[in-house]
Amino acid sequence: MSDDINRSAPVEWSLRAYLLLTFAFVFAPIAASFVFSFNVDRFPSLPLGGFSLTWYQQVAADPLVWEGLRNTLVAGITVSVLATALGFGAAYTDFRYNFFGKSLYLALALLPPTIPVVILGLAMLAFLANIGLSGAIHSVIIAHVVMCAPFAMAIIRLRLSQMDPSLEAAAWNLGASQWVAMRHVIIPFCRPAIFAALFITMAVSFDEFAVSWFVSGLNETLPVKVLGFLQGQVSPKINVIGTFVFLTSMTLVILAQILLMKRGTGGKAGQ
Amino acid sequence: MRKTVSVYGLTLSMPMLLWQLIFFLAPLIFLIALSFWTVRNFRMEPDFNPGNWSRMLGRSVFWEAYFRTLLLSASAAIVTSALAFPASYAIAFKLSDTARRWAIFLMVIPFFTSYLVRVYSWQIFLSDNGIINAALGYVGLGPWPMLNSTFGTMIGYLTLSLPLVVLLQLFSLIFVDRTLVEAAHNLRCGRLRTVFEVVVPAARVGLTIAALFCFILTFGDFVSPLYLGGGDPPTLSILITDTTKSGQQWPRAAVVALVMIATLLVIAFAAVRFAYKERGR
Amino acid sequence: MTSDPLVVFDRVGKRFGDFIAVEPMHLEIHKGEFLAIMGSSGCGKTTTLRMLAGLEAPTEGEIRLAGKRINDLPTWSRDTPMVWQSLALFPFLTVRENVEFSLKMRGVGKDERRQRAEKWLERMQITEFADRNVAHLSGGQRQRVALARSLVTEPEILLLDEPLSALDAHLKVRMQAVLSNLQRELGITFVYVTHSQSEAFSMADRVVIMSRGRIEQVGAPQEIYRSPRTRFVAEFLGSSNVFAGRVTEAAGRGILIETPSGAFAVPAGAAGLALRPGNEATFVVSDDRMQLSGARPEGGNALEATVLAEEFIGATAVVHLEGPGGEELRAQKSHDELARLTLSPGDKVWMSWGPEAGHVLPGR
């Protein structure tokens, strides 16, 4: 809207500048990690000491790092599949059904991200320990599914709300059973959201350190190892691991966002 | 909508329900029981011992940590909301549609990156021989100690919650009826005044929820107060981690956790009530 | 109404990129008049109003309020309160706080504010709702809050952007009376934008008809009705019978036009003076000037038409007919008159009108 006289150019520009500053603040630590991972100095500071790949070599040679990475990957992939499956079922349930206690169901499904991780970590540690399931990779998997399933559910639910609800009914009307309609109508429509959910839940699991720290015991995931390094002396290896971790999460999130921005066919607006 | 229960429906809905009941709700409820257990010879035994509660709530360390955490999180909620607002306002009102989509896209990214590594990176920036002090050194300004202080903790809290707060505020601001802004201008309300008299009240729900989430996140965080704030005096979250890992005193940690949950419930309830409160009869 | 214009649009135009919303126009608004700006959507009427309020900036020309140029004044520095179509009441304030809003913005003290707002709450008969939240009021009550809110500063001019379009029929009629009475009592200028012909014509002292960014005609309702200046206006009003034909005689103040339905005498008027025999011409006769009879009337303009249908619009009825030349014709009659005629579709009836009832249109 060209309400030129009601806007003031200096105000407009300072607001935009402020926005850029905000982005700078948010991305600065990520950028610093990247830059200093190549810095030859042990203590990161200005001026930069010089380009070097030594820290990358050191990290690549560290078996503890590989062990952490392996645990993280195993957990991440398992978590993303399980969480997406659970989230899909819950999203579809919300989409299709109305029943007594539905709001309690939804609350239970969506509440985990609102509980502070330190409390969740303690509760899970104590509980899993008492039923003999703590201190192993499956403990991390169990806990992460609790935390990631809500994200998957939200993403898929959003996609379902873009679907014409009569599509499913049309399939039944033409003779498809519920399972067949699910396979040939719902799932194809939700496909971008399902993949986005897989990526996002993987990213969340990938970076999760707090609850993992509580429950993983000796089978530490990568973030837990980073936590360990943090308590030791300054180590530029963290910059390397950090860069790797950032690149992985960012790639996953960017892919997920791209998938969610595309509107497939069968949506409400057009057929 | 079918009223009868079907295998199809149950297969899809039950897994999430069962999983969260067993692995989310049960552990939290178990915390209550745990807080009454006794620790004997480094082993935990089921008990009905209120001693953990009296012991923990009787220590001044606990209450100092409690009020310190409360104060820190409340400050974080206020500071983050204030710092986020010009940014979310700019995105909602001052960008073209395309630019706005890009801004949201970019703001979502850091939300999913490792908080831990970002905190470590801030150590690079804030330490006495870090980047900021080196830059200050060039212009002859003395090294300013920024780590191991409340300032450090706040920077960490900002790193944790700023993207989320911006996004939540943004979501509310986008839906503010623009004719209300025009009407305010028409009724002699200038630019800045309109923001406070019209935009903020109209977006009250989103702004309050954003502040609430910031409070919840920072209330439970132990990384920032520990690695950027020095860890001393401790926050409630640090108390929990210390008590759990070094002391193996899980029941005592459970007491702290339960007090935290109760506090958060009260604050969340009050915040939501405030957010949705209507003016007039 | 004094002769001093309160508002002058001096060659004011508005363009959005390549799209011309308002073509450079000249319009004067007089003090104390009720002016309606009317047209279908996209004609530029709302843009014109918003330029006056300062919500849009003209791309060319100058707007003057009480003699002073206001182009560069931001909205909050102008004294042009507006009532929105959606009313734009602040949902986070009570009725009283909404009404007091502009006084608060001007720095009026709390007690004085309350007093002045109270006066207007009483005047608009909404005192009993003063402390309620605006969301709990009915449509008519919200309208009155919006009016009180805009008028509390006692401005010289009030702008209204289709405020009645969301109301249902009987409420609309009631609010029209409220607005007309209010304007007359206060004696201030109302600028009222609408797409409804009946609203504009029943409330306004003068009407501006706009189409595609251009002003088609300005004048009192009766004047426009009787003498539409262009074929667009005639057809837009929909209440005129349009005849097209060729001039056969042009002597003095009357001309004779030959149409497929017959030859008719029409006063030349301003537009007809330049016409010569052989020229093409169009004239209109408004539907309430049409007489219907069973037998051919003596002399004057008459034609035999076939009845198509009857349409009931409130207290009157419109008879739709087809002329011998295939034209769509209409005659407005009261229910009594219609009862006396007893017409059915397919009947033949004589339409006639006096020689002074026709009106020649300029150009096409």
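Every chain is named by a letter (A, B and C) in the order it is written, and numbering of its residues begins at 1.
Simple rule for what comes next: a residue touches a chain if its C-beta (ideal position, glycine included) is under 8 Å from a C-beta of that chain, and two chains touch if they have at least 3 such contacts.
Worth saying up front: this structure is predicted, and the values here are computed from it rather than measured.
J.: As a test of whether you follow the contact definition, which chain pair has the most C-beta contact pairs?
T.: By number of C-beta pairs in contact, the leading chain pair is A-B.
J.: Average the CA atoms of each chain to get its centre, and name the chain whose centre is farthest from that of chain B.
T.: C
J.: With chain centres defined as C-alpha means, what is the inter-centre distance between chain A and chain C in Å?
T.: Distance between chain centres: 59 Å.
J.: Averaging over Cα atoms per chain, report the distance between chain B and chain C in Å.
T.: A distance of 58 Å separates the two centres.
J.: Where the centres are mean C-alpha positions, what is the separation of chain A from chain B, in Å?
T.: Taking the mean C-alpha position of each chain, the two centres sit 17 Å apart.
J.: Name the residues of chain C that each touch 2 or more other chains.
T.: 54-55, 74-76 - these are the residues of chain C that touch more than one other chain.
J.: At which residue positions does chain B touch at least two other chains?
T.: Answer for chain B, listing residues that touch two or more other chains: 185, 191.
J.: Among all residues of chain A, which ones touch two or more of the remaining chains?
T.: Counting only residues that touch two or more other chains, chain A contributes 6.
J.: List the residues on chain A that touch chain C in their complex, please.
T.: 1-6
J.: Please give the residue numbers of chain B that touch chain A in the complex, ascending.
T.: Residues 1-2, 6, 8-9, 11-17, 19-21, 23-28, 30-31, 34, 83-84, 86-87, 89-91, 94-95, 101, 103, 105-125, 129-131, 134-135, 138, 158-159, 162-163, 166, 185, 191, 213, 216-217, 219-223, 227, 237, 240-241, 244, 250, 253-254, 257, 260-261, 264 of chain B touch chain A in their complex.
J.: Give every residue of chain C touching chain A within the complex, in rising order.
T.: My answer: residues 16, 54-57, 71-76.
J.: Can you check the complex and tell me which residues of chain C touch chain B?
T.: The touching residues are 53-55, 74-77, 80-82, 84, 86, 88, 90-95, 97, 101-102, 105-106, 131-136, 149-150, 153.
J.: Name, in rising order, each residue of chain A that touches chain B in their complex.
T.: Per the stated touch rule, the residues are 6, 8, 11-12, 15-16, 18-19, 22-23, 25-30, 32-33, 36, 43-47, 85-90, 92-93, 96-98, 105, 108-109, 111-112, 114-120, 122-128, 130, 142-143, 145-146, 149, 153, 178-179, 200, 203-204, 206-207, 209-210, 214, 223, 226-227, 230, 234, 238-239, 241-242, 245-246, 249-250, 252-254, 257, 261.
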